[in-house]
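The two complexes that follow have chain A in common; it is paired with chain B in the first and with chain C in the second.
== the complex of A and B ==
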């Protein structure tokens, strides 16, 4: 049996390595070609850029022909503000639903769970109408409001499960000392749920940063484009300029790539810890 | 919109204001207000709008289920709707078989005991899932572009060069190609969920089966598979909801017209065209709402089948 293990293990690694190449090869291909001259992109697409073929002309064109810096700023603002609101508001609701027994508690939890299964996108006709009435079309506020509504259900579910595991003694002791419910939440609970916040952040940020639908519908112009929409519009215009197209794709990938490689352990932990059951 | 918010908490706060603690309201109110106003109310209002029709002056009048009759029977609409629904079912079937099949396979390999480099594989294999669907769409559009020819070169290297064609441009292969691009991107989700389920199976169970003489195949079929069935159920319903709500990839690669000749049109792109219009056809909010409501019904049917059919039976299986 022992002798059997080694060759089969090698086969497992070969299979995994082959699939890994398939999974990240296309992304690497884009990244390396973004730094090559047009001729090298076509003559030797698989080669890494060297002294002869290296160029940043694509990036220069992206920055001179589009407002990429602004798109980044927009995406960044929308993502961070939405995330902050989702965590704060979501933690408050999760705390109320798990800590206090009151009439309608279960019903309310079910009501909030609807948003996990039913995509908010299907309400777009009415959302757009509402944003027109509120004069919020082409503002980042419109996107933030929608993303907060979209992110809350899952955040409340994850945070609620986490809050349940916090020992009761802490809050009971505080209550005996006459500390108000608001302070118990602010000074005891919020600091304790930090690990869950990381999980919520990863689950919430990525769909917001990557979304095309709502920027396309609610904020398609007036310098309010997010990176995803900005790239989509830019590539539509410069479709034959391979340097610029590859550079814009690289710019869109880079921040997520860096964040992911930094925080992947939180995500893997979140996915594998039974947060999604 | 406030009437919905009121059905939750404030009802009793007026009835028994003295007894219902104010701080609970304070904690719940922001989440309930935003969620109700920008998620639940728009969904309900969309259903309401689907029962109305508008004319050139902007006036709206009640037509009952008239829009749905139009959508399902009027040749102008019905052909597109059934085509999009059929394509969407194919899109879903490909995900169920290929995406979840590969995901299961990878999860099995990754959950082998003492696998060297397991976390590196997991991190890299999950990477495409993190990127924007739009970016993924453009990346594959470039790679499959016959002008660049890189896909053809690579296929020739393994002796399959003759298979290459303008897959995204041909009516017969476009939908399959787009589906496989989506599979390629999202295979990480079933992989991770199934992997988590597999490593949570107690070793004792597997050991006991092996001691009793079960081979690796029997251990998988009779011990591990039944134990991860609930996870496979979750993966299926997540795939279903995501697929019947998909839009970005096809819009990025093929545009709102989902060509060639609507061969990649799914409900998401059909909804977008109906709502916003395209080329010479004007968009219609009420017909858009009708398509959205139809999608909502389809998704709800899927969720209900899962909740009352699949999930209940699976739980009985596992205990």
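== the complex of A and C ==
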């Protein structure tokens, strides 16, 4: 039986496939070239590694010439701690802003909305000054603080939107059951906004992991570099060790990919639930 | 003991006055139904009793204690919501046990109460299910079960049957009535459905525009509505209203003309004056009584609804008023044709220009 395919559907799929190629292309390029000799990278950048061109020299160099494990650990610490704080504080703030009417509620929400519109990098100079005064330069704490500030506004917006969709009767029922406000938040609201939390997690995690700007200006010192900053040492003014750069980028993709897969089950649900309801 | 008393309760949201000067006593073990059109403040009043909504003025007492400042749980109430409000991520068992967990009840006791409630509500087989796997009626029973396990002194129901289909509604209504008999607890029930109010209540409170219009037993409200609103709200189909005018007064009563016919209605003179506009009320079930002493009203039939045991004849009187007549099921009425309604003078109600009932002392026909 011939499937009845409408032209508009084909067009949509072509667009999607083109976009997928566009999005995945660079990643595939990094992956295949990470396993090729330097000569092969430049001679045939699009070719797959074969028996002649296959090498793991990039990876060897990454592990021997740099503290890659430490960079990884730094990136991981910064990302996970920031993520945890953003979700915890964001969910609590979203709950407070949507559930309780208090003086300044609207003003506070507006203030947070500005945080979404104005990029935090505009304040880099004052942030650096502040960190110098607080003696936090070259610490991971500085990065975590900045990332939490950067991620919170959007997190509060998304989570607030979801919390609003939870029927008010549920909270009232819990109150009649004699459940404390903290318990209502912990035992009822949090489990019900899990998809939203996954959405927020993915949206905030990726930019933090990939960020080069703040590690560069706030924590460039030895021992505090993140992966994205660590990679830079292989990029010289005159010579760039492409094998090592591509190898470290390949390694850097892995953890974020794992986290993404963990959250993605909820991500789609979170996105569509927010859009449709 | 758990009687509930409300003293001059007032509630406003901003400048909007929702409730004013509500005074009401609910005795221990009574089944009181708040009924009224949407927006009359009945749900707000229930939420005030529950402690989910603060009052703007007045005092609430439950079991003799002032509870104005107490959170819901301390008031010893349990509420059943229209939307069931079951926790979607918990099993039926956990839904019922959830509140008890925080009330420092020991595990064995929680288990005993949950299983007992499940037994009463025929939920024992469903304890491990999630709410989304249940039908509407089962969900409603879980919501009631969650209220029972708390062993409250006052049950509050907020339109609990509105989301159920007609057959299930009748069933659940009977179950709630039985529950009230078995538990003997005080129950306050909010609905906009006057049938639910009539069938369940030991006392009905009719609310309108944030005020109590009348409080009384179901039949008392049916027989002696205090004003036009209650007369129109209680009874189905609603009472027919026909404009009339006071022709004359003498020492013993008023003569009132309406719809081309004239009836002499003996009333306490009250505030009636000659020439006053009044409203005559007569229930549809009292308009097809072909006895000797009746007033005949002519008109044309607009529509006929046949229910089997009765036929509702929608007719327009020659005076211009639309009325409904509850005629026998085999009434040979055809739309477009002329029809005569027969009113027994015993069943007429008279309301003055302000809509207040004028109590007849005796009725007779001119």
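The rule is simple: the second predicted complex is superposed on the first by the 215 of 277 C-alpha atoms of A that agree within 3 Å, B and C clash if a C-alpha of one lies under 4 Å from a C-alpha of the other, contacts with A are read in each partner's own complex, and residues count from 1 in each chain.
The rule is short, and it goes like this: a contact is a pair of C-beta atoms (placed from the backbone, for glycine too) under 8 Å apart; a residue touches a chain by one contact, two chains touch by 3 or more.
Since this is a predicted model, take the numbers as computed values, not measurements.
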First, second, both or neither for A:213, with chain B first and chain C second: first
First (chain B), second (chain C), both or neither touched by A:193: neither
Touching partner for A:247 - first (chain B), second (chain C), both, neither: neither
Chain B versus chain C as contact partner of A:20, first or second or both or neither: first
Partner chain(s) touched by A:178 [first = chain B, second = chain C, both, neither]: second
Which of chain B and chain C A:120 touches, first, second, both or neither: first
Residues of chain A contacting chain B in one complex and chain C in the other: 180
Residues of chain A touching chain C in the complex: 167, 169-170, 172-180, 183, 187-188, 191-192
Chain A contact footprint on chain B (complex, rising order): 8-9, 11-12, 20-21, 23-24, 26-28, 30-32, 34-35, 37-43, 45-46, 49, 102, 106, 109-110, 112, 115-117, 119, 121-128, 130-135, 138-140, 142-143, 148-150, 153, 184, 187-188, 192-193, 195-196, 199-200, 234, 237, 241, 245, 247-248, 251-252, 275-276, 285, 288-289, 292-293, 295-296, 299-300, 303
Touching residues (chain side chain A, partner chain B) in the complex: 12-13, 15-16, 19-20, 22-24, 26-27, 29-30, 41-42, 45-46, 85, 89-90, 92-93, 95-97, 100, 102-104, 107-108, 111-112, 114-115, 117-127, 129-130, 145-146, 148-150, 152-153, 156, 180-182, 185, 206, 209-213, 216-217, 228, 231-232, 235, 242, 245-246, 249, 252-253, 256-257, 260-261, 264-265, 267-268, 271-274, 276-277
List of chain C residues in touch with chain A within their complex: 47, 50-52, 71-74, 77-79, 81-89, 98-99, 102-103, 146, 150
